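Each chain gets a letter, A, B, C and D, in the order it is written, and its residues are counted from 1.
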Amino acid sequence: MMGLLVAVAVLVCSALAALLAGRSPRAATALGAGGAVVACAIGLIAAVPVLFGAPAESLHLAWNVPYGTFFVQVDVLSAFFLLPIFGLSALAAVYGTEYLQAWRGRKSLGAVWFFYNLLVASMVLVVLARNGVLFLAAWEMMALTSYFLVTLDHEQDSVREAGWTYLVASHLGTAFLLAMFVLLGRSSGSLDFDRYSSANASALFLLALVGFGTKAGFMPLHVWLPEAHPAAPSHVSALMSGVMIKMGIYGLLRTLTLLGPPPAWWGWVLIGVGLTSGVLGVLFALAQHDLKRLLAYHSVENIGIIALGLGVGLVGVSNGSPVLAVLGFGGGLLHVLNHALFKGLLFLGAGSVQHGAGTLEIDHLGGLAKRMPWTATTFLVGAVAISGLPPLNGFVSEFLIYLGAFNGVTQRAEMAVPLLAAIAGLALIGGLAAACFTKAFGVVFLGEPRSEHAAHAHEAGAAMRWPMALLAVGCALIGFCAPFVVRPLASVLPLVSGLAPETVGEKLGDAADPLGFVAAGGVAFLVLVAGLAWLRRRLLRGRAVAETVTWDCGYAQPSARMQYTASSFAQPLTTLFAPLLRTRRTLAAPEGYFPRAASLSTTTPDTARVALYEPAFSGVGWVLARMRWLQQGRIQLYVLYIALTLLVLLVWKLG
Amino acid sequence: MQATSLIQPVLALVLSPLMFGVINRTKAWFAGRRGPPVLQAYYDLSKLLRKGAVYSRTTTWVFRAGPIVGLAAVLVATVLVPLGGEPAPLAFTGDLILLACVLGLMRFFTVTAALDTGSSFEGMGASREVTFSALAEPALLLGLAAMARLTGSLSLSGMSTAMALETWRQAGPVLALVTAALMVVLLAENARLPVDDPNTHLELTMIHEVMALDHCGPDLAFILYGAALKLWVLAALLVGLMLPVRTGNAWLDIGAGLGAMFAVAVAVGVVESSMARLRLLRVPQLLVGAGALAALALILTLK
Amino acid sequence: MTLDTILILVVLTNLRLLGASRIGASVRTVAVQGILLGLLALLAHHGEPSVSVWLVAVGGAVLKGVVFPWLLLRALRSADVEREVEPFVGPIASLLAGVAALGVSLWLAQRLPLPDGAHSSVLVAVALFSILVGLFLIVARKKAISQVLGFLVMENGIYTFGVALVRESPLLVELGVMLDVFVAVFVMGIALFHISREFDHIDTHELTTLKD
Amino acid sequence: MVLALILIPAVIGAGAFFVRNDPLRRVLLVATAVTHAGLTVACWVWRPGAAAGGWLALDAAGLLFLSITSALFLVTTAYAVPYLRREHDHVTRDAVEGFLFSNAPEATFTGCLLLFLAAMTLVTVSQHVGLLWVAVEATTLASAPLIYFHRHHRSLEAVWKYLLICSVGIALALLGNFFLAVAAGPTPLVFSELVARSGQLNVPWLKAAFLLVLVGYGTKMGLAPLHTWLPDAHSESPSVISALLSGALLNCAFLGIIRTQQVCAAAGLGDFSRTLLVGFGLVSMAVAAVFIVGQTDFKRMLAYSSIEHMGILALGVGLGGAGVFGAMLHAVNHSLTKAMLFLVAGNILGAYGTKSTADVRGVLRVLPVSGVLWVAGLLAITGSPPFGLFLSEFTILKAALDAGRTGVAVTYLALLAVIFIGMATIMLRMAQGVSVRVEPRRESWTAIVPPAVLATVVLMLGVYLPGRLTQLLQETARLLGHP
């Protein structure tokens, strides 16, 4: 406990120090990043033991604000979420030291680090807080600090727009949480979590679903996500996408622990939400050609997978099937960790692409693997992992969720149909994700450069390479050590599923053996790869190995522009799902016998935004505008208002 | 783990190229030709393994990694599928998921290797490959889910051991539906007609072949062999799950399994000689249809 | 008895105001009303009126009957403009509205029975009526000066109520109230003066630039 | 001591009219402000006894509002003196229409400013119904010339509306007081007495009295639909005055309402009066939302936001229970925040020479400190943590939900959300981006320190409520009949 509070203190102090040292970028960077790394180290040291069975500690101090107490506690659930927070924050901070140099002189780096460290601190507080007011305060701090990081380049209109969307979305989400926390404390009068009671739990669950879902990015509450993530500096996007949106998941889980035994339909709702977010998220990702936007939509997809896992878990709990509960919750939780790793990695990779090539427009890139080998390799690892392919970590968590769903299908008929949907959904998501990342990796890093930017790209420096490398190693480690990785979950699951620890242990054991085989398969796979590579070298030794141009069917003048682009690569799928995507094409068709110019461009605006929110907002605006005549400057009218109010009240109250 | 389990991957390694031979013979017979020798695939492999290599200047290590990873992945898959009622060497709860994902891994690297050449044709093939497989995957997993529900087991070997004539009698329609679905998946995943025409010579229309345009020598051999193994794996899946021959003698069962394998090959040949290639836009409908069949099967098992 | 007569007269002055078409006339009517209220203040008290009552009554009469009208007429002269009250609502309609207002105030007066039947219940009605008429004048007349007049009428209504019903309300408060009203009207007079200088007329249709 | 609080500013104010020497007058102004603040602090330590036969007494509510007033006056004075030195009666070009205009003589300004302070102090300390009324009317009259400091037709229009509408309103309040007198019968019109003998009050007259007082003082306080003077006066008067009007004057009018409400509650009309307050509160918030969204003049926007917060105050008191405490806390927070925002708005207006939200861009680069304060002010005024208004608005929400008034709570949250969106859209667009017309410039300390101080205090109130303040607030809530 103390360690964590120290970590928070270090973060806050270093934030202030960085702000004060704003004059000199060097000092600000040193203070900010240094403070972040140190604090994260302290925090990890303090958090990990709790995960491995150290008792939960809590601290309950008086706090002189209405209903507020400084009540913090670190239990296994908090500790589990603290791992990615501290881990990724430290790596992103190191990355930032170099990445932020581009802003030097234009912006006060002191302010950036100020907000960055405060963001980390507020996330830590969110998972520690056990009092409604404290939680909400930390929650809003998290939203605001990240907002200021997103709008770092507020000189650009697009960035301002994005920031606005983000701010409004998170504020509206918080409104639901306000109501929820107050209602939870209604009977006891205190807002401490331990005194919460769950009268009409279903309403509270829905409030939590909307409130936390906005932060987590459930469809259709995700609109801020694809706007904000591209706008932010990449190491911040990594942090937001890797950890911050998971705070929504944390909040949901924490609320579930407060709400008592769930009815079955909660699970179905979560599965539905998960399927929508997952499938639509990956589809919209396919249609994007801005790398970070694409990644942002994949965050929506992965949040969907997590929700799917939690849904399966809830179904298990409510139907009294521990296997389902353990596998579902376990898979969901593990995917939280995994997504933090590979999504962080991918965003950092995107950052160094921007840093090296100066653009994120996929169709202008290409051939970067030659110029940025580190970035390319780590990005490939991330891509395989996020596609849920063995032997990396993405597969492990999805495997658990699959297993849970299959279990459910074999167990009970009434659970089978939704779980059937879950299986089909997961399979579809997996396939589409693979499609999307072969596109992203293939078009960005392989082939020939499609523009000057890409042709003159340069590799990032060490401070940016190492964090990516470490994250890649993390992805691989979790993949190969799967059986051991799921063990710590045994301590978390009883809390969220309400099952007895021994049941959980037993079921997790059952899940761990297959993972053992999976890991073995992974090792075998590596051995085979090595063997085959050696075999090929053997075979080719002493034979002619020539180099030439790519086979182009005898075309006279091949050029980089003849390559397949990201848009053309995704075109079959986007046309297949056109009704959902509503892609807009602007085509200037070639005309005449000797056409000069022709062009085709496609954009895929977010359907929820275009079809749902924009009409709603403009509608409200219209109504309000209609009422402006009230204030039209005639004093006679104004006095008339007074007279009428008076008369109405007199007649109403005395009559 | 008894010998009958260990023999299966060996059979796969040795006999898989023979499947091509059988298919081509069947087609030739339908077309009234003599056709290539049954062992043609072996000849090709040995020839390719003896050749040197030419690489495109555009490519990176990813291109070279493609065939190796693909082959390694499918080799892992071969130890997962049971044949003729005998458990596979590597059998555990949920191995069916690993199977599906391992094939996915193979695809992932084949596709990236194709994109590495920067050739528009290979890009085209890659794009189609991912499109169709993304649609084939749900069909495969739903079919397996139906089998899981029917047999109550979550491992391929478990399912195949639980399979018996009795099962066919009780749940014939379900099994038929799943068989149909898996057959479609097999055709699609192995780039056979009516999804893809392995004998076409027009790059524009190819899917799988075009992705291998720039590969040559040992790489191409790996790819060819990998394709053969993939066909074997999926056929073995079909046979292992559906063939209800359980004599009690393992060797007999495996023999029967082998027979069924080549029967599948013949069936593929028949399909290829009797059907025309679908227009690319129609293929998704076929695959979604397969998925629907599998889902229907699963729903039938619920009552 | 005389009390009721005065009240009736007050009502009549109000109706006169509603019907009036020239500002000068309205100002004079208000002056008359002021004097009447002074009398009212005297008569409302039973027995021998004390010094303070005299003070309040005379002060009120002088203020409302002499000072305010003088101020207004001066402002009117300084801004030499045509003397019509430009009404939004014409005289006839105004009178009808007045009658309606009378009805409403009578109805309200019934709702509010006096704690002790010391005074004729007409009084409450008349007070409310003057207030409503004052509000009506503010709302229905264009010229700024008519609005000051309306305000005065309103004040008169309240004053009516005050002097007649609120016994032993301390002198200090009375004086404070009176002082405030005085300053209010005085400041309004200044404002009027500025308005007339700024727009060289005291119409309010210029005063509508601030709006949403 | 109470008398000193009133008389010092009154006398010096009256004198200031006749002081010819500008520096001396400014010194007087500052001195008075400091003395007044000092006396107020002293009141915290030794709560002074009643004066003038119980008519003047400083109870908890009075002390609370007195402290707000005094503190704001001190800060605004610190901002005003350099402002006066700049504006020192020379001819200025109008920001909106570009004509030339002159300012009122500084003597008048200073004098009225001090009288204004005296009047507001009187409001906070007067326990007698009639005296309270006199004081409130006096605030109107003293502040009118301040609003008309810039001598041009728009401010003239504003002051005209202010005078007439407020006078009408206050007149109604006077009638209400007379009704109260009738209802009271022989009881002396001192609030404590009225509460004590609330049993003998005549109910129908008390009802009518409350209605009239509510409408009357409500006009002055800016409750919709009686608020109409407010945006004009706030947008046309100098920023210093806007700050005082929003921060101090509106509260004073509110004090009049809650004191009467206290009598009603004592007389068993609590539900009756609370329903009305809740209604007015929600209507005010709604009207404010209508005009904040898409507002084109940032000072008007701030004015409408004041209407919103007055609505929240009324709502809080109307909900009762914890709501009263919340409302009192909210009064403190809102006054400080709104004053701060108006001062920053003054800086922006000075730099850009326009009040149009469309023409102001990139404040963060042009006036770095003011820009930061502007954004901080946005977050504070819309009730985001860690600023004080979050706590008070949260408390009021809790009061609503605990009372089972779900409909009220939902409306309240929805309106808060709409207003947040409206203000965020406008103020962020002003703060961010790049300004094409105005060059970055150095800001004078005198222009940024006062708002910065206020911002710091609001931030402090968001993370820690001093024990004495909490005590005072609870005492006030108890006084208003909600332990």
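The rule we apply is simple: a contact is a pair of C-beta atoms (placed from the backbone, for glycine too) under 8 Å apart; a residue touches a chain by one contact, two chains touch by 3 or more.
Note that the structure is predicted; figures quoted are calculated from it, not measured.
Which two chains does the highest number of contacting C-beta pairs join?
A-B
Quick check on this structure: which chain has its C-alpha centroid closest to the centroid of all protein C-alpha atoms?
Located nearest the centre of all protein C-alpha atoms is chain A.
Taking the mean of the C-alpha atoms as each chain's centre, how many Å separate chain A from chain C?
Centres of chain A and chain C (C-alpha means) sit 70 Å apart.
Cα centroid separation between chain A and chain B, in whole Å?
36
From the C-alpha centre of chain A to that of chain D, how far is it in Å?
Those two chain centres are 44 Å apart.
Rounded to a whole Å, what is the gap between the Cα centroids of chain B and chain D?
78
Enumerate the residues of chain D that touch no fewer than two other chains.
Correct list: 160-161, 164, 168, 172, 204, 208, 231, 291.
Using the touch definition from the top, which residues of chain C touch two or more other chains?
In chain C, residues 111-112, 135, 138, 147, 207-210, 212 touch at least two other chains, as defined above.
Two or more other chains touching the same residue: where does that happen in chain A?
628, 631, 635, 637, 639, 642, 650, 654
Using the contact rule from the top, write out all pairs of chains that touch.
A-B, A-C, A-D, C-D
Provide the residue numbers of chain D that touch chain A in the complex, in ascending order.
Touching chain A from chain D are residues 160-161, 164-165, 168-169, 172, 204, 207-208, 211-212, 214-215, 219, 225-226, 228-229, 231, 272, 276, 287, 289-291, 293-294, 322, 325-326, 329, 362, 364, 379, 384-386, 390-391, 394-395, 397-398, 401-402, 409-410, 413, 416-418, 420-421, 424-425, 428-429, 432-434, 462-467, 470.
Where on chain A is chain D touching in the complex?
Within the complex, chain A touches chain D at residues 63-68, 133, 136-137, 140-141, 144, 151, 154-155, 157, 160, 163-164, 167-168, 171-172, 175, 178-179, 182-183, 185-186, 189, 620-621, 624-625, 627-628, 630-631, 635, 637-639, 641-642, 645-646, 649-650, 653-654.
Show me the residue ranges of chain C that touch chain D in the complex, using the header's touch definition.
111-115, 127, 131, 135, 138, 144, 147-148, 151, 154-155, 157-158, 161-162, 165-166, 169-170, 173, 176-177, 179-180, 183-184, 187-188, 191, 194-195, 198-199, 206-210, 212
Mind pulling up the chain A residues that touch chain C in the complex?
Touch residues, chain A against chain C: 628, 631-637, 639-640, 642-643, 647, 650-651, 654-655.
Which chain A residues qualify as touching chain B in the complex?
My answer: residues 366-367, 369-370, 376, 380, 384, 387-390, 395, 399, 402-403, 406-407, 409-410, 413, 416-417, 420, 423-424, 426-428, 430-432, 434-435, 437-439, 441-443, 445-448, 510, 513-514, 517-518, 520-521, 524-525, 528-529, 532-533, 535-536, 539-540, 543-553, 560, 562-564, 568-573, 576.
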